[in-house]
Amino acid sequence: MHILVCGGTGCHASSSNLLLENLKEQVDENELSGEVQVIATGCFGFCEKGPIVKMVPDNTFYTQVKPADATEIIQEHAIKGRQVTRLLYKDPVNKETISDSRKMGFYKKQIRIALRNCGLINPENIDEYIAADGYIALGTVLSGMTAEQATKVMIDSGLRGRGGGGFPTGIKWDIARKVEADQKYVVCNADEGDPGAFMDRSILEGDPHSVIEAMIINGYCIGADHGLVYIRAEYPLAIERLKIALNQAREYGLLGKDILGSGFNFEIEIRYGAGAFVCGEETALIHSMEGHRGEPTFKPPFPAQSGYLGKPTNVNNVETFANIPVIFNKGAEWFASIGTEKSKGTKVFALAGKINNVGLIEVPMGTTLREVIFEIGGGIKDGKKFKAVQTGGPSGGCLTEKHLDTPIDFDNLLASGSMMGSGGMIVMDEDDCMVSVARFYLDFTVEESCGKCTPCRVGNKRLYEILDTISKGKGTHKDLDKLRNLGDVIKDTSLCGLGQTSPNPVLSTMDNFWDEYIAHIEDHRCPAGQCKELIHYTVVEENCVGCTACARNCPVNCIAGERKEIHFIDQSICIKCGACLEKCKFNAISVS
Amino acid sequence: MSAIKIRLKENDLQQLKDVCRSFNNQEGELINVLHKAQGIFGYLPAEVQEVIARELEVSVARVYGVVTFYSFFTMVPRGRFPISVCTGTACYVRGAEKVLDEFKRLIKVPVGETTPDGKFSIAGLRCVGACGLAPVVLVGDKTYGRVAPDGVKKILKEYDDK
Amino acid sequence: MKKVKSLADLKKMKEQFQSNINLREKSEHPEGLVQVKVAMATCGIASGAKDVMDFMITNLEKRNIDAIVTQTGCMGYCYAEPTIEIRLPGQDPVVYGYVDVKKADEIIEKHIRQGELVDGIIPINYETI
Amino acid sequence: MGKLKVKIDNKLIEVEQGTTILEAAKKLSVEIPTLCYMNLGDMNIEHKPGGCRICVVEVEGRRNLAPSCATDCHDGMEVKTHSIRVLNARRTVLELMLSDHPFDCLICAKSGNCDLQSTAIKLGIREIQYQGEKSTYKPDLSPAILRDMDKCIMCRRCEKMCNEVQTVGVLSGIYRGFEAVVAPAFERDLDHSECTYCGQCVAVCPTAALTEVDHTNQVLRALADPSKTVVVQTAPAVRAALGEEFGMEPGTLVTGKMVAALRQLEFDYVFDTDFAADLTIMEEGAEILGRLNRHLSGDKSVKLPILTSCCPGWVSFFEHHFTDLLDVPSTARSPQQMFGAIAKTYFADKIQKNRKDIVVVSIMPCVAKKYECTREEFSVDGNPDVDFSISTRELANLIKRANIDFNKLPDEEFDAPMGESTGAGVIFGTTGGVIEAATRSAYEMHTGKTLEKVDFDQLRGWEGIRQATVDFDGFQLKIGIAHGLGNARKLLDDVRSGKSEFHAIEIMACPGGCIGGGGQPLHHGNSAILKARQKAIYREDANKPLRKSHENPSIIKLYEEFLGKPLGEKAHKLLHTKYFRRGNIICIEPDVREAESI
């Protein structure tokens, strides 16, 4: 028998280490070391109910176990084989106790559709993809469906584009299908530019064939025989695996002429991005593929009417494509049964920031932010307080405590002043200053704006400058009015999605953290202690023992003081790097 | 209207022409050609762009417009050990800015530039997708995860005798 | 390599590949065939997954363990990279996080050889369709 | 297709499918301000990048504001062009633009003629709330065009003209975001680029980011110098446009007033470039006939078609882009340069002056002429044949500075002898004019017959590329015409590949010819102005007693007294030129890899 004890940060904080020791002690005392093993594990992702203990092989799941419970677990469960009922997990809805962890709703919180093969199959082996139902969807479509029928499946599934905008994929295909042209194109947008989102890269690295298969289906539906993958040059591994996959598909005749004897031809080539966030916008992406500057153009005409080389073009992103084979294998109804009324299926999120379980997760639409952050994500790092979660990258906004129970879908996020974006989810804690965060995103937008339209080119620069002024404690109330008006106008007048959403980080932080802006302006104070110009590091004399740790670690040698004497920070030299604060073990450095 | 002499080694010129030919001298392949050229020369000096423009039959201004648009392309040689500090959001909230500041302070060049001895160059980099290791620093191909400002000195020390 | 000519062909191939895998899993050999998967996406490689994979390959062979080591994509546990999955014959797979060479050695000796779990298991917390 | 019902500012209108909101509004006399938008409909030049966002309007049911220049009407659409939301957005966007623009309006070259300024006036901007860093760039002073990109508002009109219309390809958007600007490759000066100085970028620039190099002060100094005899020549297109600078209707001919004004400015001799245009026809006509005759007699080495060569922008263009065809164009100098050469020889002798004491000033609709007169081959011992070339706009400025009430000036006549011209000289100012003038003379010279009908309607028009066949008494002369360098390139590509069937081709660099030159009063995107100027040119031609160049008595006398015969030795020396291969050179060096200025 194995007893698994969660050693994740969350559980550790609630003394799981003591529990672990007690359990081991009990095992030894009862001379069970031959049969029972106590194992510390990584985070179960259920930190709210920690510490967690799981018994293997019967999968009993104990929650909120205290160190003192060790005896009972060993005596009752390990020796007598009886479950300790009071420690069993109770379903929050029907209050029933659940003994087998596999029956817990928690395990259904994550459903992997787009990521179904990531971490399961060898991405460089097409046989493993085929063994996992690969290319069956393509075969089904090619051998028994008309383009119209297949497109209808897509419409019925309710799948919406995962790249940010959330446009219904089937309808997009249908528009491109209906346009008459001698040549059409399918484009896969793999120019994942959102800093903090990496699901597209992971899919291409872990399951490239699913994207290839979906692109061929897409080509069949709209009547295109040529596909292009526009991929970030910064993703060498994804490029490599995609190339291998393309070659294997060609060798098997799944790509090329007369695919699966259907008479349908399809080829895919790779185009490289070169580091421009705006190229995620489909018209900019198309210009970039044509060898031009990636400047967006006004829509209409939409790419479905006039896209790559002036021909009808359908652009979808990697995650969208990765969903598609499953839709055909399991049916549109099945897919539409997952998620919320208007957002079907699942969404992959790149969970990062001040969170314990940084990683890639996939949850059904409608999952709440709380479930994602505190259950799957394992809560906030180092036991700090949750402050905000930023979704949608530079286009999104910061959501707070009050949004935690909002079910995540396209429309709800938009209504909360943020957006789905490509699925970056950055969690912030009490140490993060919201003015700085807004400034960080604007810095990004200013750098990534293509410069074509005035509001985005100049407006974002001005937004950045005002935020910078505020973060230095030199802002005024009038600056806040300016931010608001400028933000509204930039959203209202910008040419493409980049500018139309770039003020979101500012506007949403102003909506949700107004007091923090006011503190910077009225009190010249940064409540999170992050804005360099507004903070001072000083030595708390009564705590300083003169250990010299701070002085030794100061990169600019601005801390003076002899051993065992109180130290002193020279403010004129201090660069406010915070190294002293981190190194001091005696709480003798304070930030003000 | 004074002309400019573009000087190139014969070998370099031939290599460039071969690259262009491998893309059938198609103007639409400009970005792919530039990637290849930067792969060969390490950067894209004016003369390389002039040759590419001629081979693909597009204006030099357009080539330059493209090169300056995309952050991946550079017209200055990078250091032998290019340092990239990830400034993606995940790294930012975990202190990447301070790490970048520390690099700048220690190698004494601003972002986008190369040390006079050509050893290091420093750049910000948008998300490498290793958010679990934030903040992330790349020196050449080597990845350093969970870098704190006081760890910067140690990283640079690794390259002391190189 | 032969081309797949039709949907029927493809389905046949699928069955064949699946049964190959099943055979592997339900191996009758007493030692059985051990399957090791190493998450080799960018985040894994950046944290040293390649070294772990090399170590597993050489050492499993050196220690005469009948095993197959393959690479796979991101398992999603980026915070705990490098991650590897061990599947002993007839058992549920177990995922380990923060695996370095030392840990890998422990996994071979304790988990693979003796069937004892070791510290550092990452509980799987998702369902795959 | 059915009509669409659209409501703009509560006014109902029916429009065709494909009509933009801006166009529909215009029909209702609702003038939505624009900045980057440009529509030279008659020349198929439409530019609507949707970049400036000044023309945004509110469309019922739409999430964000719509750029009216690029948004098509749909049936039942309701549009508000001046709601508070629109006005605030438009004002904010303009303030942003101004916040990244120098505040030197009082002394700016474009003050009073600047689209940005007039929009600021129209929107009643009294304060720029959003101040911050301004982008600054190195100014670029070439012989003809001044680039001050601090004043660029990224409308990209210049890029459109340079790349798509002219296919010169010197300009491109570079960098991105706040740093983005339009510049030549590697931000080199225009002088180190393939710029032809056609000046179409200047002609469409809404601000003073691109202006002509100002030579008015040099001219004033020359006029004030008692030791200099200052001779002025005026190009044909100037008289058809100068009036616009003084509030006259486009297409008003101001030849007489212009002459009077030049006299009041105290030019010593007021002459006409039309005279030199007639001279050009004598030389070029003779060259055409010479090549034709050789061709007809079976000489396979003769280069046909012959290309006109009076446009300096065009000359630069083929010197850069068609270096293999340098022997195809006529070797005749442009009228400006022929004038200079004759003024500083024949005329200098007449008034018994040394060429160094004569200053030749040309008034041109053109900025390339500024560059042309600096070309080395057009000078003798460092003394240029034409000293200064100023644009129509610069002349207007000189007139204003001299306190002359232009509108009230009496009509005066040009001085003799170089002021005498025929109608053929006048039409040099418009597309099709040079070849029509040449045809009039060549016909008579070739056939020996008198041409009864001098108006060749088949050579006139607006299409970018035109062709016509003229019956030369049995011989069918095939003529091609292109205006705009992009169109010229198409004809040249045919010549290069041997597909061209023309005997003669006229090319003018600017759309519409010289009437649409880079030195003309700004058309602000209204192509009706260019059409009116063209009409005026043909009117002037029709009113002339003499319509054929070879009938110009002063020209006849010039040959008798001085030149001898067309293509003669003296004519060859003074009136013809040769062409040079231009552009950057790639050279192989064993060890170096760098670009070096030579």
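Letters are used for the chains, namely A, B, C and D, taken in the order the chains are written, and counting of residues starts over at 1 for each.
Criterion: a contact is a pair of C-beta atoms (placed from the backbone, for glycine too) under 8 Å apart; a residue touches a chain by one contact, two chains touch by 3 or more.
Remember, predicted model here, so these are calculated numbers, not experimental data.
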| field | Shortest walk length in steps over touching chains, chain B through to chain D | value | 1
| task | Determine which of the two chain pairs, B-C or A-B, is joined by the larger number of C-beta pairs in contact. | result | A-B
| query | Taking each chain's centre as the mean position of its Cα atoms, how many Å separate chain B from chain C? | reply | 37
| remark: Rounded to the nearest Å, the gap separating the Cα centres of chain C and chain D is 73
| said: So the centre of each chain is just the mean of its C-alpha atoms; given that, what is the distance between chain A and chain B in Å? | reply: 27
| request: Averaging only over C-alpha atoms, locate the centres of chain A and chain C and give their separation in whole Å. | output: 26
| note | Multi-partner residues in chain C (2 or more other chains touched) are 42-43, 77-80
| What residues in chain A touch two or more of the other chains? | 198, 201-202, 235, 276, 293, 352, 358-359, 447, 450
| said: For chain D, give me the residues that contact two or more of the other chains. | reply: 172-173, 175-176
| query | Name the touching chain pairs, would you? | reply | A-B, A-C, A-D, B-C, B-D
| Where on chain C is chain B touching in the complex? | 42-43, 46-47, 77-81
| For the complex, which residues does chain D have touching chain B? | 163, 169-176, 183-186, 188, 191-195, 316, 371, 582-598
| field | Touching residues (chain side chain B, partner chain A) in the complex | value | 26-32, 34-35, 56, 58, 62, 65-66, 69-73, 87-90, 92-94, 98, 101-102, 105, 125-129, 131-132, 134, 148-150, 153
| note | Residue set of chain B touching chain D in the complex reads 1-10, 12-13, 45-47, 49-51, 53-54, 58-65, 68-69
| query | Any idea which chain A residues touch chain C in the complex? | reply | 2, 4, 6-7, 37, 39-46, 54, 56, 106-113, 115-125, 127-128, 130-131, 133-136, 139-140, 142-143, 198, 201-203, 205-207, 235, 237-238, 251-254, 260-261, 326, 330, 352, 356-362, 376
